[in-house]
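One chain, chain A, appears in both complexes that follow, with chain B as partner in the first and chain C in the second.
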Partner chain A sequence: MTLVSRAPQGTPPPDPGDKFTMLLAHADDNMVLSQRLGELISNAPELEIDIAVGNISLDHLGVARALYTYAGEVEGEGHSEDQLAMFRNERDFTNLLLVEQPNGDFAHTIVRQFLFDAYQAELWSDLAHSDDEQLAGMAARAAKENAYHLRFSAGWLVRLGDGTYESHHRAQLALDELWQYTAELFEGNEYREAWESAVGSTLSEATLDVPDDPYQRTGGRSGFHTEHLGLLLAEMQWMQRSYPGLEW
Partner chain B sequence: MDAALLPGVGMVKTVVDAAAVAATVVDPEIPVLTISDLGILRDVSQDEGSVVVTITPTYSGCPAMRQIEDDIVSVLRGAGFDDVSVKTSHNPSWTTDWINDEGRRKLAEFGIAPPTGEHEILCPRCEASEPRIVARFGSTACKALMACSSCGEPFDYFKQF
Partner chain C sequence: MANEERFQQIVDAEEKIEPTDWMPEGYRKTLIRQIAQHAHSEVIGMQPEGNWITRAPSLHRKAILIAKVQDEAGHGLYLYSAAETLGVNRDELQELLHQGKHKYSSIFNYPTLNWADIGAIGWLVDGAAITNQVMLTRCSYGPYSRAMVRICKEESFHQRQGYELLIRLCQGTPEQKAMAQDALNRWWWPSLMMFGPHDSDSTHTEQSMAWKIKRVSNDDLRQQFVDMTVPQANYLGISIPDPDLRWNADRGHYDFGDIDWDEFWRVVKGNGPMNRERVAHKVKAWEDGAWVREAATAYASKKRARTAA
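Up next is the complex of A and B:
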């Protein structure tokens, strides 16, 4: 891939069977969500949440770094983790639409995190059995970290949903809005059934209704994003674009 | 330790020295622990005058890993090894089971409850059991914040991982 390219109209979607494409997609998910959570540092509702969100953001960043580095090796064109994260354009990012959605209120942040954590629980336990030893090792580690993330997001979702009228109302609103980005989680995999079962039981504990609106938006894995990703990347990539190759 | 790293003659002797030097690097976040205590240091080998150190990263979100890599290179250069590279091995993935007994003892002395597995978490000051969890996410990726239910002191717990 040529970095800083603009994919022309009509470019075929990336082949998900290709290992480089697959690694980049998961790296992008974790990079983008890490950046979103990073926006909350010093802005979370309370100190413990601030620290938790910072820790979770760093975990996602660490996963992204390992995957970008490995993707660069698989691609074999000498691209570093930084180049893959900082010198690709919006159209080249193949993250899920869910992770690029803005933080919104705390309920939005928690619902987004919960839906994604429940997805990554399936993803990492699957990839931990990959024939690719390097990827399997990364997945085994990420699975253990993800269990901590899921306990945090599910715990808060239950507290909000089964909390006050206001917190319940906001959690349901966030769920109703973010649900349209969930069909995309299951493109090219068989995680839906296990995910629906896990998510359903937590939502039930949280006294929240599973949304029944069939409208679903997809396209992230093909590089077609909501308007939010471009703004996120503009902020994230600004330093490297302005001072290419800058190092600490 | 691999048989190849045991004391011997010639090249083998040199490898032993490099391994011993690399093993002295400490975790910048918990400076009582060496990377050998933590189980991060997986292998030290020498190939035609260059030393290759293999480490396995701990938590994805641990910012200390980069510092540890730099410290390995710097301590080996200081010991006269000019050509040093650090390789990362992801499989098998690191687990707190790799922290040795020496490391666990040092952690407790430092005021951090070591990872316990199936056993109870004990207060590192008064050894009382059943501490209260204050925050599952603590001051670093590897720690949770607890408070002793007996003496009341807050303390860090190195998470089982």
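Up next is the complex of A and C:
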């Protein structure tokens, strides 16, 4: 692929069966979410949460780096992790819309994390059985980290949902707002049933209602993003774009 | 034997004072002030470095930086815990910080304006902190000295990472080297100020030395730091912004110029470039999080009630 696509329409619709495309999509998910969580550090409601958020951000970054590096090898054009992360434009990123959504209040951060962690729990346990040993190894490692993330996000969602009147209201609002980005999680896979069951049982413990709004927004996997991604990338890619080709 | 006498014997024998031991009220107060100030510094220090997490130039550097900022938060936690052994709690100490009644290291009242600042903070600020803190591993108060052993190990790792970041810039393009020079120009003097006033003007030094909380004077530590850092700057090939800096063969030390003490006191008193922003940022995070902490407390008590039922 040509990095920094100049074509306004972005990349051609990706072929989901292509390994490079698949690796890049999961790398982008983890990269973008890591970047979002990175914005939060020093802003958390208490020091322990700052530490946890930093840790989760770092884990997603580690997964993204491993996947970008592997994607670069699969592609065979010598692209490094940094080139793949820093020199593709908004229309070329194929992350899920969910992960690019702003941090919002702590309820939004937690709901976003929870919905995504529950999805990645299915993803990693699936990919851990991949015939591709390298990918299976990465997935097995990511699954362990993800289990910790899910414990954190589900634990907080229950505390918020079943905490005070205010926290319950905020958690339900965040859930209602972010629900529109969930259908996309299941494009091209069969994770929906397991995900709905896991999410449903945590929401019930949290005394939160599963939203019934049928409106669903999709398009992340083909580069049709919300307006939030461009700004996130502008910040993330600024140094590499300003000083291309340098070693840091 | 009188408490006071027994206490001083333990200190003089280089044994540790533990939380349950008798201690003079002044000793307790001095330690609370010092440990809390140190904890606050770690926590406020997350801001200038956090400022570059989203813009780090490579994924490798971003990972190092996130891990580092996370370590600072961890140091804040151990230190607040060490302070809690003296009969105060973290919330009350944070409240004093928010009200401006507690200080933190003035160094964090300067902004991080280019990527090299992240290297300079590791190299100079963590370097100065280690110079100060190595003596604290031998501090007479057990919990503080033990916390410092771990913190010093992590800080010296950070210092090497910061220096390595600058080596990379200084071996890079002229533009990258200029970033490193700009960072050194802005961070050098504030780093020297980290050691505090001259010994002759330091109000706490004498008593703290007798109690073995502090073991080396401000000016001696500052000299140690200069002697250690000048050759490192030479290796990088960037110049320290001090026309009076030169090797003094008679003393066996570097001579260096006068610190701008007006600037030092201005920043200490709250009028540095970033004092207001740093505290406002901290207060905002705390206030924005109030409903989250309330939710956690409410949930915990509901859960206890359910278990009891």
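The definition used in the following text is that the second predicted complex is superposed on the first by the 241 of 248 C-alpha atoms of A that agree within 3 Å, B and C clash if a C-alpha of one lies under 4 Å from a C-alpha of the other, contacts with A are read in each partner's own complex, and residues count from 1 in each chain.
The rule we apply is simple: a residue touches a chain if its C-beta (ideal position, glycine included) is under 8 Å from a C-beta of that chain, and two chains touch if they have at least 3 such contacts.
Keep in mind the model is a prediction, meaning the values are calculated, not measured.
Novice: Scan A:Gln35 for contacts with chain B and chain C and give back first, second, both or neither.
Specialist: Once the two structures are laid over each other on A, A:Gln35 reaches chain C alone.
Novice: Scan A:Tyr148 for contacts with chain B and chain C and give back first, second, both or neither.
Specialist: After superposing on A, A:Tyr148 lies in contact with chain B but is clear of chain C.
Novice: As a test of reading the superposition: which chain, chain B or chain C, is in touch with more residues of chain A?
Specialist: When the residues of chain A touched by each partner are counted, C comes out ahead.
Novice: Let me test your reading of the model: by the given contact rule, A:Ile51 touches which partner, first (chain B), second (chain C), both or neither?
Specialist: The answer is both, since A:Ile51 touches chain B and chain C.
Novice: Determine, under the contact definition given at the top, whether A:Gly62 touches first (chain B), second (chain C), both, or neither.
Specialist: A:Gly62: touches chain B and chain C.
Novice: Pick out the shared contact residues on chain A: the ones touching chain B in one complex and chain C in the other.
Specialist: 48, 51, 54-55, 57-58, 61-62, 65
Novice: Sort out for me which residues of chain A touch chain C in the complex.
Specialist: Touch residues, chain A against chain C: 35, 38-39, 41-51, 54-55, 57-58, 61-62, 64-65, 68, 81-82, 85, 105-106, 158-160, 162-164, 166-167, 170, 235-236, 238-240, 243, 246-248.
Novice: What does chain B use to touch chain A in their complex?
Specialist: 57, 59-63, 89-94, 134-139, 141, 159, 161
Novice: If you look only at chain A, which of its residues touch chain B in the complex?
Specialist: Result: residues 48, 51-52, 54-63, 65-66, 133-134, 136-138, 140-142, 144-145, 148, 151-152 of chain A touch chain B.
Novice: Using the touch definition up top, name the residues of chain C that touch chain A in the complex.
Specialist: It is residues 43, 46-47, 50, 53-63, 66-67, 69-70, 73-74, 76-77, 80, 115, 165, 168-169, 172-173, 175-176, 281, 284-286, 288-296, 298-299, 302 of chain C that touch chain A.
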